[in-house]
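All chains are identified by letter, namely A, B, C and D, in their written order; residue positions are counted from 1 within each chain.
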Amino acid sequence: MIPRYSRPDMVAIWSPETKFRIWYEIEAHACDAMADLGVIPRENADAVWKAKDVEFDVARIDEIEAVTKHDVIAFLTHLAEHVGSDQARFVHQGMTSSDVLDTCFNVQLVRASDILIDDVKALLAALKRRAFEYKDTVRIGRSHGIHAEPTTMGLTFARFYAEMDRNLNRLEKARYEIATGAISGAVGTFANIDPRVEEHVCEKLGLAPEPISTQVIPRDRHAAFFAALGVVGSSIENIATEIRHMQRTEVLEAEEFFSAGQKGSSAMPHKRNPVLTENLTGLARLVRMAVVPAMENVALWHERDISHSSVERNIGPDTTITLDFALARLTQVIDKLVIYPDNMLANMNKFRGLVMSQRVLLALTQAGVSREDAYKLVQRNAMKVWEEGRDFKTELLADADVTAALSPAEIEEKFDLGYHTKHVDTIFARVFKEEA
Amino acid sequence: MIPRYSRPDMVAIWSPETKFRIWYEIEAHACDAMADLGVIPRENADAVWKAKDVEFDVARIDEIEAVTKHDVIAFLTHLAEHVGSDQARFVHQGMTSSDVLDTCFNVQLVRASDILIDDVKALLAALKRRAFEYKDTVRIGRSHGIHAEPTTMGLTFARFYAEMDRNLNRLEKARYEIATGAISGAVGTFANIDPRVEEHVCEKLGLAPEPISTQVIPRDRHAAFFAALGVVGSSIENIATEIRHMQRTEVLEAEEFFSAGQKGSSAMPHKRNPVLTENLTGLARLVRMAVVPAMENVALWHERDISHSSVERNIGPDTTITLDFALARLTQVIDKLVIYPDNMLANMNKFRGLVMSQRVLLALTQAGVSREDAYKLVQRNAMKVWEEGRDFKTELLADADVTAALSPAEIEEKFDLGYHTKHVDTIFARVFKEEA
Amino acid sequence: MIPRYSRPDMVAIWSPETKFRIWYEIEAHACDAMADLGVIPRENADAVWKAKDVEFDVARIDEIEAVTKHDVIAFLTHLAEHVGSDQARFVHQGMTSSDVLDTCFNVQLVRASDILIDDVKALLAALKRRAFEYKDTVRIGRSHGIHAEPTTMGLTFARFYAEMDRNLNRLEKARYEIATGAISGAVGTFANIDPRVEEHVCEKLGLAPEPISTQVIPRDRHAAFFAALGVVGSSIENIATEIRHMQRTEVLEAEEFFSAGQKGSSAMPHKRNPVLTENLTGLARLVRMAVVPAMENVALWHERDISHSSVERNIGPDTTITLDFALARLTQVIDKLVIYPDNMLANMNKFRGLVMSQRVLLALTQAGVSREDAYKLVQRNAMKVWEEGRDFKTELLADADVTAALSPAEIEEKFDLGYHTKHVDTIFARVFKEEA
Amino acid sequence: MIPRYSRPDMVAIWSPETKFRIWYEIEAHACDAMADLGVIPRENADAVWKAKDVEFDVARIDEIEAVTKHDVIAFLTHLAEHVGSDQARFVHQGMTSSDVLDTCFNVQLVRASDILIDDVKALLAALKRRAFEYKDTVRIGRSHGIHAEPTTMGLTFARFYAEMDRNLNRLEKARYEIATGAISGAVGTFANIDPRVEEHVCEKLGLAPEPISTQVIPRDRHAAFFAALGVVGSSIENIATEIRHMQRTEVLEAEEFFSAGQKGSSAMPHKRNPVLTENLTGLARLVRMAVVPAMENVALWHERDISHSSVERNIGPDTTITLDFALARLTQVIDKLVIYPDNMLANMNKFRGLVMSQRVLLALTQAGVSREDAYKLVQRNAMKVWEEGRDFKTELLADADVTAALSPAEIEEKFDLGYHTKHVDTIFARVFKEEA
């Protein structure tokens, strides 16, 4: 985790304080269930809740762990210091450390998902606002980085909206994948603990009981979770790449926002760097790099080995913190992106109408000109534009062979941008699922 | 694609013949829609269907492509040879190559998904059958490769079932992700083609119209698709690893099947290698390696660049073919896996009852012995087992300090395997969602 | 392997014919060594060489393998058909299949390396030629896609040369890593075969004996090999990305070559797509995707498991074939890249001298103007350029406060491009290790 | 970076204090060079060295950065607070931030390499010691996890030695790759700074001048660096996997060390988990996951974009810290690994001599028995061992058909372990390059 690329709410999920709090809740709810089942005395279960408002002392727990060499035991020892060691003697009965650790990890991932889901929703709101704002702002569409046909800036935002909307769905699925808990004992047989304890704890924590666990919750769930995050990261790179292209000096169709203060640095007004989106490109790589190790974690030996643990200690916090930061940063970029419609028009006209050559070609053939002749007509006028810098429409209107086939009005029509934007509303209605 | 790791049905999806057939259907349905909309004459649309039963001549198309340097044009030229070039003159009108290529690719991925989904269903059937067959067959559960507590072979199969059942769900979601088509023109604006053409073609091909495309269908869909396959691959590795462990000489709790012929090679009866599951471990790596490039494919420049294409030409066929083969191979392995219950028992008893030491420890404390004393009692008997090869239960029954706290019957009960299997039915009911 | 992205020489290395030929040589040389050691009769060793000019019949070997289910045995059986089964009876004595398979694989990788090394040398020659050709052709250097300071096209080529020169070194190291053979028996102890056989075979095949093998040659060698290829692939992406940027419509500083035939398609002269470099970007991803599975292959169980095999059957041919094709394609692109120096100048002047603003700022402070005042002076003139489209130098020359600090000649000098190119020769001397 | 998986010396390399110290040295040496060249006054260069023994105040620099939003400027401002702002006014003249940042990053990577190289050397010493200690300790070699032929524990250590020795070489190469610096200005042309400044600074810092840089040092160097680390990580996984296998209950040929204190927990003496090597398996995944993003960092746009930066802020420290910790942990594991030679023998004899069946088969054929008959003879005796638990040698000696072909002494010889260890010295001489 790199502090400069992190936000406090997500960081807090991964703090020792939060972790111990979740451990506490797991243990306390488990005691409740065991008391209900008559396995332990009710008063001992009640006693555990005395620590309900305690802020656990992380330094003290670390101190105990330095002796016991076992994190869960250290916590339980500290808990007993609050509850009273006699009262606390049934805490954790029949459970293994993994019951606590794995269930806690999933609670953390679920909470992380909730933040990420909210992040994406905020991003969607920004994208939608900007999409409608620039719905009809024409710019040139490019394939292979080369001018193709006109599109609109609104469509660009709309396609990012649609992509992020799919990512919202993926994150919701990822959250669902990971929202399970397990209190099933050393090898998952419930030999020493009743399955109803698991059911109770999970219900209280907003989880589903893992249908079958071993010592651990199966790691295909986590692999799917981090894979989903990797896809979201890749979409962030996609949007960031578009903005970086738009901001490059020769294109200049958009710029990342710059505060009034930054504006002051206008001794070099041409030198505003898309550093936020470049940074997002790098962050996407960081999010993505968790995917393969998460998949390598799936094949644990027999009922568990601990190879996954160090991986998850890293990618659990790092990947969610990075993605949260990246989504928030992207939302800010989108929200404040400075758009230059005039430059969009200027770029489109760089080759004075040539982008319409294919429409003209089609129109000529539809008007009965043979494909070969139509091609020659377009070519001879196109080359004047390309080599001599003339205007395509003007040349066509002055070419008798062209005007023999197409009337001036018909030629004019081929240069009408409305032709290209006529279905924008249809697309918006599809994307935003409402009348555009 | 490695021929020895492929099966014909999946290979057929990626043949040129299949591809051209799908192209044909896209073009023919598009003509129908355009005729319905009055954009082209009905008779021309009808004429295209004359080629309905034609097997396209791949060699001939290649020959044309060698001249035109364009695959879609080569196909259309060949199609015109069947339909008549005058009749065919409206085919592909207003469309771009990508409309055909991307829609076709998704049709292929959908068909591949259908096979993969069937593969997983067959695997699930095998796992379920074996789970019930060995539901109560006790074996030792292992954490860290070390004996922990008893579990059953049925539970092992059941957890693989549960994992593959989640994978079934992931594949269905992946199929859904990829089941879209686009006929939207050079930059996705429908400038030259009515959106209803797209709707018609998609409906006929079993796809949903892509809500917003550029020149291409957005690649986050494909990233999510291959990520799902990567998770399935990782689960295959998980199951394969378990079997490889079970078959190793010192464990020998199971063996991959060997045909009567192979059985003949019993001059070395100890040397039956788990080559199928080792192979599956490698195949899992191949499936997984498609995930990162598929994610790198998401960030295309502007309305498209073609960097994704070479990647997909590879991972499209290779990953689906490999995964199909791997799933089928795994199903066969599971189906015929030779299980050795006697060896399972023998392994569990390797340390003559020591695996029950924790239960005894717990029983002693519950009987009122202090934690320290209980520990000493267990330890001194355990060490006799560990160092002198005695039997744990026998030692306990002969230890007066132990029998002072626990009756012989109570001691006996700690070694009762039923204690560990008492919730197997509960777990089976959860996993198989039916009374076990 | 995708046929359209392959070249025959590299493909040939991976053909069954080549493989069987290498197997033959390993076996024949091993027989020679065994005869020299007196382990087998000399005449039997000599007899094996009778098959020296035989083209092995792949179909026949496949036929035998269908029965024996073992590729090496099938080959040996076929070999005996040529040599005579009595004469051939000592072939392969004391060896295991892996001795043949692993040694052969490394021979193939060495040969593949030789081609790749030649590929890089050809690329270096092209880069060097173009570097000198455009050594002094000024273009704007860009950081963050934004104009920074002038550089030259020659420097761009030169840095790609330097990068590929490092890659040449990496490939030579990779070749060295992989140039080992092993004839050491079932677990690498030479129990059944003298180590001098290994030495002889390796010497004949241009390999070093693997100092210690198990059943297999250790796979860290292969991981390092494919990692090196992954770095080369990434450099290809780097160069391809530069060219894609240069070719985009708004920049147009270079274009991939187009043949006379292609030129004919000049009805859309603006629409020449950098499809080769886009393709190279995708191919780089394919090369890179082999790295992780090759690393996952390192951890084999005990003296070997066969999980690596299926991975290598794929990445062995696919990665070397793809990289060979990519290097050759890139060489062709570089060789024929069409450079537009006029557009480079035009781009640099897009903001009429503003890229020099930092030099002016520095000059003012060096002339004694305070940093704050210098900033204001530059800013007020810069904004006239930025907002009103004026020329920066003209404005500066007309600003009395500026000319109070800097003489017209000094101002002129700040716009002298020679300032930026004065060390080009120094850099060239470093890169090309010769007087530039 | 996970504190529990880190060691202080490597962590210190990545501290802000170290970073600022390196920045300081770069700036101070650059001033020296500029003074020597007459570009700035000598006294100003000397003045900078006044701060030579200053511990820079990180909090103060952060405070300034919060205002300036620029890390290098913040540092320079703080430096001026020590040197005096008038004296400091030539510091950084003609340089860009990247000159400082990139050169510093490489200094850090070089220092990290030095630690990693020492780590590997310590590991090699441990492996060598254990190799000689167990040079002749026979254990069964296993292919596919199945008993094959005898080998020795010393050979196991020796092959890990050889693998790590190659890794030492790779790390030295990686260090060499990364040991460059650049002080070349905004786009690498040395427009504002003499190349001799770069030469001087690099010499003082133990770096080679980067032959050609842009704004940044080319990232193929870093890709190669992290790829090398990924290979080392994979080798760690390889060794860890072997130990995990050896420690599993059924094998128990070795155990990770356990301190006297841990030994106390002998109430469950069978339950000593190989948690260190399992942890190493996970750490290997973390090391490896840096490889792909490092490769994705190579293709920067034009003279630089900043996408690589966030990636390197993470993988720079995290990967080197993790690998350092992993190497040290592995060294400790190897150093103290508890080896059980008796269990090795017991395991080898699990199937009472059957592992020798192939030698017997060979001996029979060499004695003139036909292949078919020899096979039958071995098989019928082998099956008695396999099915009835008899001893293979005893059965053979009692089989008249066998003894007709082989004398009792010849049969005995087939079971002589010396046959398998006769070349151990040869192999050791190869590996340790000295007389064994």
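Convention: a residue touches a chain if its C-beta (ideal position, glycine included) is under 8 Å from a C-beta of that chain, and two chains touch if they have at least 3 such contacts.
Note that the structure is predicted; figures quoted are calculated from it, not measured.
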Interface with more contacting C-beta pairs, comparing A-D to A-B = A-B
In whole angstrom, how far does the Cα centroid of chain A sit from the Cα centroid of chain D?
-> 34
Between chain A and chain B, what is the gap in Å from one C-alpha centre to the other?
-> 25
Where chain A touches two or more other chains at once, by residue number = 142-145, 148, 244-245, 273, 275, 278, 281, 288, 292, 296, 301, 305-306, 358
Work through the pairs of chains, note which ones touch, and then classify the graph as line, ring, star, complete or other.
-> complete
Per the touch rule above, chain A residues touching chain C in the complex are 140, 142-148, 244-245, 247-251, 266-275, 278, 292, 296, 347, 350-351, 354-355, 357-358, 361, 375, 378-379, 382-383, 385-386
Contact footprint of chain A on chain D as seen in their complex | 2, 4-5, 244, 273, 275, 278-279, 281-283, 285-286, 288-290, 292-293, 296-297, 301, 305-311, 313-314, 318
Chain A to chain B touching residues, read off their complex = 141-145, 148-151, 155, 158-159, 162-163, 166-167, 170, 173, 177, 185-192, 195, 209, 211-215, 218-221, 223-224, 227-228, 230-231, 233-235, 237-238, 240-242, 245, 281, 284, 288, 291-292, 295-296, 298-306, 358-359, 362, 419-424, 426-427, 430-431
